Amino acid sequence: MDRKHIEEKIEYLRRLSTGGLHMTDFLLTWEKTDEEIAAVFTVAEILRGLRRNNLSARFFDSGLAISIFRDNSTRTRFSFASAANFLGLAVQDLDEGKSQIAHGETVRETAAMVSFMADVIGIRDDMYIGRGNAYMREVAAAVQQGHDAGILEQRPTLVNLQCDIDHPTQSMSDMLHLIHRFGGIENLRGKKIVMSWAYSPSYGKPLSVPQGIVGLMTRFGMDVVLAYPPGYEIMPDVEEVAVKNAQASGGTFRKINNMREAFTDADVVYPKSWAPFAAMEKRTSLYGEGDMEGIKALEKELLAQNAAFHDWECTEDLMKKTRDDRALYMHCLPADITGVSCREGEVAAFVFDRYRDRLYAQAGHKPYIVAAMIFLARFADPAVKLIHRLHEGRMRIW
Amino acid sequence: MDRKHIEEKIEYLRRLSTGGLHMTDFLLTWEKTDEEIAAVFTVAEILRGLRRNNLSARFFDSGLAISIFRDNSTRTRFSFASAANFLGLAVQDLDEGKSQIAHGETVRETAAMVSFMADVIGIRDDMYIGRGNAYMREVAAAVQQGHDAGILEQRPTLVNLQCDIDHPTQSMSDMLHLIHRFGGIENLRGKKIVMSWAYSPSYGKPLSVPQGIVGLMTRFGMDVVLAYPPGYEIMPDVEEVAVKNAQASGGTFRKINNMREAFTDADVVYPKSWAPFAAMEKRTSLYGEGDMEGIKALEKELLAQNAAFHDWECTEDLMKKTRDDRALYMHCLPADITGVSCREGEVAAFVFDRYRDRLYAQAGHKPYIVAAMIFLARFADPAVKLIHRLHEGRMRIW
Amino acid sequence: MDRKHIEEKIEYLRRLSTGGLHMTDFLLTWEKTDEEIAAVFTVAEILRGLRRNNLSARFFDSGLAISIFRDNSTRTRFSFASAANFLGLAVQDLDEGKSQIAHGETVRETAAMVSFMADVIGIRDDMYIGRGNAYMREVAAAVQQGHDAGILEQRPTLVNLQCDIDHPTQSMSDMLHLIHRFGGIENLRGKKIVMSWAYSPSYGKPLSVPQGIVGLMTRFGMDVVLAYPPGYEIMPDVEEVAVKNAQASGGTFRKINNMREAFTDADVVYPKSWAPFAAMEKRTSLYGEGDMEGIKALEKELLAQNAAFHDWECTEDLMKKTRDDRALYMHCLPADITGVSCREGEVAAFVFDRYRDRLYAQAGHKPYIVAAMIFLARFADPAVKLIHRLHEGRMRIW
């Protein structure tokens, strides 16, 4: 991407209405307008362009980006760290294990205590249905309150790094991958994407990826198919979002209980295991009651349920059903690869290997998506800042 | 705080004698002169002023701020990280669990090994009476020796982030809070502050906060009352400091065994649990002897002793005894709040809630206090540096 | 070191052929030419010179330096952090315990996922013979592949922070220490250095230090003696490297089974415990088979074997056998000091204490060696960059 190309992107950005992103959190993609979504993609591309031209995106001379990971994560952690560093922020991890939070501190108090010099807070909390997004909103309310009361000089921006409902940095990276594949956001219209359940020997995988995908991909006129065995329903609220989005965008949203049928003539397939929403709700209740026996029983039940659908695997044979035999295969990684990471899994090794480089490229959008979300939340005049940086020519590496 | 106000603060700073802070550690407030203490408050305010005006305080283009936390901490960790980042230093945590220190390395060796490029070392070590401050001085001696021997190119500054004797970043933040409340350090004279023991269902809370408070607040002419049930004496050495300070400053220092009496006509109350000094000394001995049975017995004994004073709670009723019914309630947080974080605790929920915002603001001074301590230790000409930065106009966020 | 001296060093660097270092990894010293090795020493000295003159070496405005420590480490961790920070990179730790790597991710995938914005990866993996260096090459191949496929915008440089074969940042720091001691790399010729096994009550210490030493010190015409009790052979491949190096450089490489004889007329002694190569190979096999009983049996056997040679201690008496009674004593630290860190150890306390400052100075080269390795790998025109920085005068501390 040469400078002329970057300038065009900035000019495009300038015409988008992005004020709604300024000083707000990024928690669910469906809380943002189409222009705002497009702005995130555009800024992500511009930031990548700057970096490719060895230009610095250090817009912060100092500042903290707090990360709160309530679940393990390598990729998302590095995406967040990369984005923060590229913008000039230092990551400070809030390790609840090490901290005094476990000792009865309220969310409100901790949120204030850590945020005196924080510009950004990234949270991953996807373990319990009904909890993750709620926790983020609690933190958001706390820092807002702190700012309103004059306690926090700045109100840090929250970025959802995966919750129980949505995984916006993932779904946005995925869509940017599709934009690259099809040559523009306008070319997504009419393309068929299949978000399909797939078998995994583990259980309880988060719903945030399939929910994030159907909640976002339905917005730009795609034909979105959600395929899963009976019983693997996602959260009804998100289905509703998908239905409304499809109506508004002129796309479609369908559910289907047959993987083969779903794959037929698909342009994009995204086969991935997830846990049934109802079971995850039950797990949260059991966890709340401290019923460890109940949780163990549920696990056993879920594994047995999974096993009944071990033929839900993305095989070469299935891929041949797709449009011209060559749909784009997607995954948020890591995948359960048959014969590699497990005996039977989500995808055949042959299929996975063929798409490996593209899967990595798909993941490579995430740091820029995160950086774009932060950038658009912190700067009222993003296009002005970016064009200035482009012309100023401050280098990333001297 | 506008630029004119900042300039006035810098002008005030210029007239203070701060040379004694240059290239020294900040371990105990009573090792510093009144002018030096005043300088820390002033620089803290100036740094806050710079930040509020979106000016950068990045005086280090590179450099490490090492943190050594021998006890868990969220707030202090973030204060230190915020201060370091604001000045341009990167935090590198020395995690003794992960390190080889446990394998028999001497303090001297480790201190040298980690400090080749360190400008600052922040240490929190408050677990054992007789140990924390001693450890800090051991580290200080080690880096001094290393510097004298030409091994360390720079001699890192130590900042006491809480030890067994004092908690200077806390007491200084607390006093800055009072300066704001009463409109100037000169207005503290004659104000009555009560540092009172309060009941907690846990035991063994550090003495460093009450000791830090009486060791500092007695310096500027306040009437300082230390209230506690019989048996909850603090360290005699610190009491002596408080007595001398009060004499020198024209204030008073009294001890009293009655909470209600203490609260009467108080301008400021600081009710907080702590452990008896004698018991903590005993615990250190038991720990040194590896007598885990003895430690368990001591714990039981202390909890029983605490329970006898469960009515030492900061209630609304008690608050009504204070000056005009509205003393300033302070706490270093987290507090044991009755009915919230425990059944019976240090403070009634109603009282705590009324002061919540002010308590958070109180805590919000800490990053600036830490930054000011570092700044004054590293720069011989603080006022010159600050006025230069003000006029140069380097922005924190571009 | 004044500016004129730095300029001379840069001029010397300019005449060295360093192109072979550009965009390559630093895994084994013997993969580098003599000029490249000399360039690392020279850049290390220049960087130190810049720092001493309060000049910044921040050549990166942003960028990540990933650290992967598969074994505990304080010193190396801080050396890496110091080097990265001095150059402007932020350290991001890949904690495999916390990450999803344990869940079956391939090295290739993880390497790509964390490297989207990484300029450097430092790895320490010295626990298992046949594993550490192999792992590094796997990571190197992965990031190369990722870069070739267009997934990684930059190909991060790997720095070996200790593996099963070599410990280049250690041996290079050690040699820089000798260069200082003898007044130039050219003065190493003909000096006798003894890398000697020494007794330790622990077992299984890495071979990378003795191997690194004989693999490097044989290159510049030194008389290198490797002394150890029968059975404590190092890796045959490295011995071969040492033999070839000595032939090429006009030095010598000898093995000897007598510590006293080895010390006679030595200019430098480096007494340090290590485990027999054959035993470590066996351990790797046992570990691979999950044979924990076998590992325990092996440990017992090795401790018994060690005990037979508890008189292999660097005593004052032995030191008197060395050249003019005052060979330079070296150690990579921490040492097992008799009567201090153990009952019987590698070195007498009296000897150790006499050399303490010099041992710390020896260690103090490491951050600069690491920084020099990174610098030479990332910049095609190192001398130009450095002279520019010298004249530009950007300060480290304002």
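Order as written gives the chain letters A, B and C; numbering starts at 1 within each chain.
Quick note on the criterion: a contact is a pair of C-beta atoms (placed from the backbone, for glycine too) under 8 Å apart; a residue touches a chain by one contact, two chains touch by 3 or more.
Given the structure is predicted, the values throughout are model-derived calculations rather than measurements.
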Connected chain clusters in the absence of chain B: one piece
Chain copies touching (chain B, chain C) - same or different residues, decided at half shared: different
Angle (degrees, nearest 5) of the CA superposition of chain A onto chain B: 120
Rounded Å distance, chain B centre to chain C centre (Cα mean): 41
Multi-chain contact sites of chain B, meaning residues that touch two or more partners: 58, 90
Residues of chain B touching chain A in the complex: 48, 51-52, 56-58, 72-75, 77-79, 81-82, 85-88, 90-91, 333-334, 340-342, 357, 360-361, 363-364, 366-367, 394-398
List of chain C residues in touch with chain A within their complex: 58-64, 90, 92, 94, 98-101, 103-106, 109-110, 112-114, 116-119, 146, 149-153, 378, 385
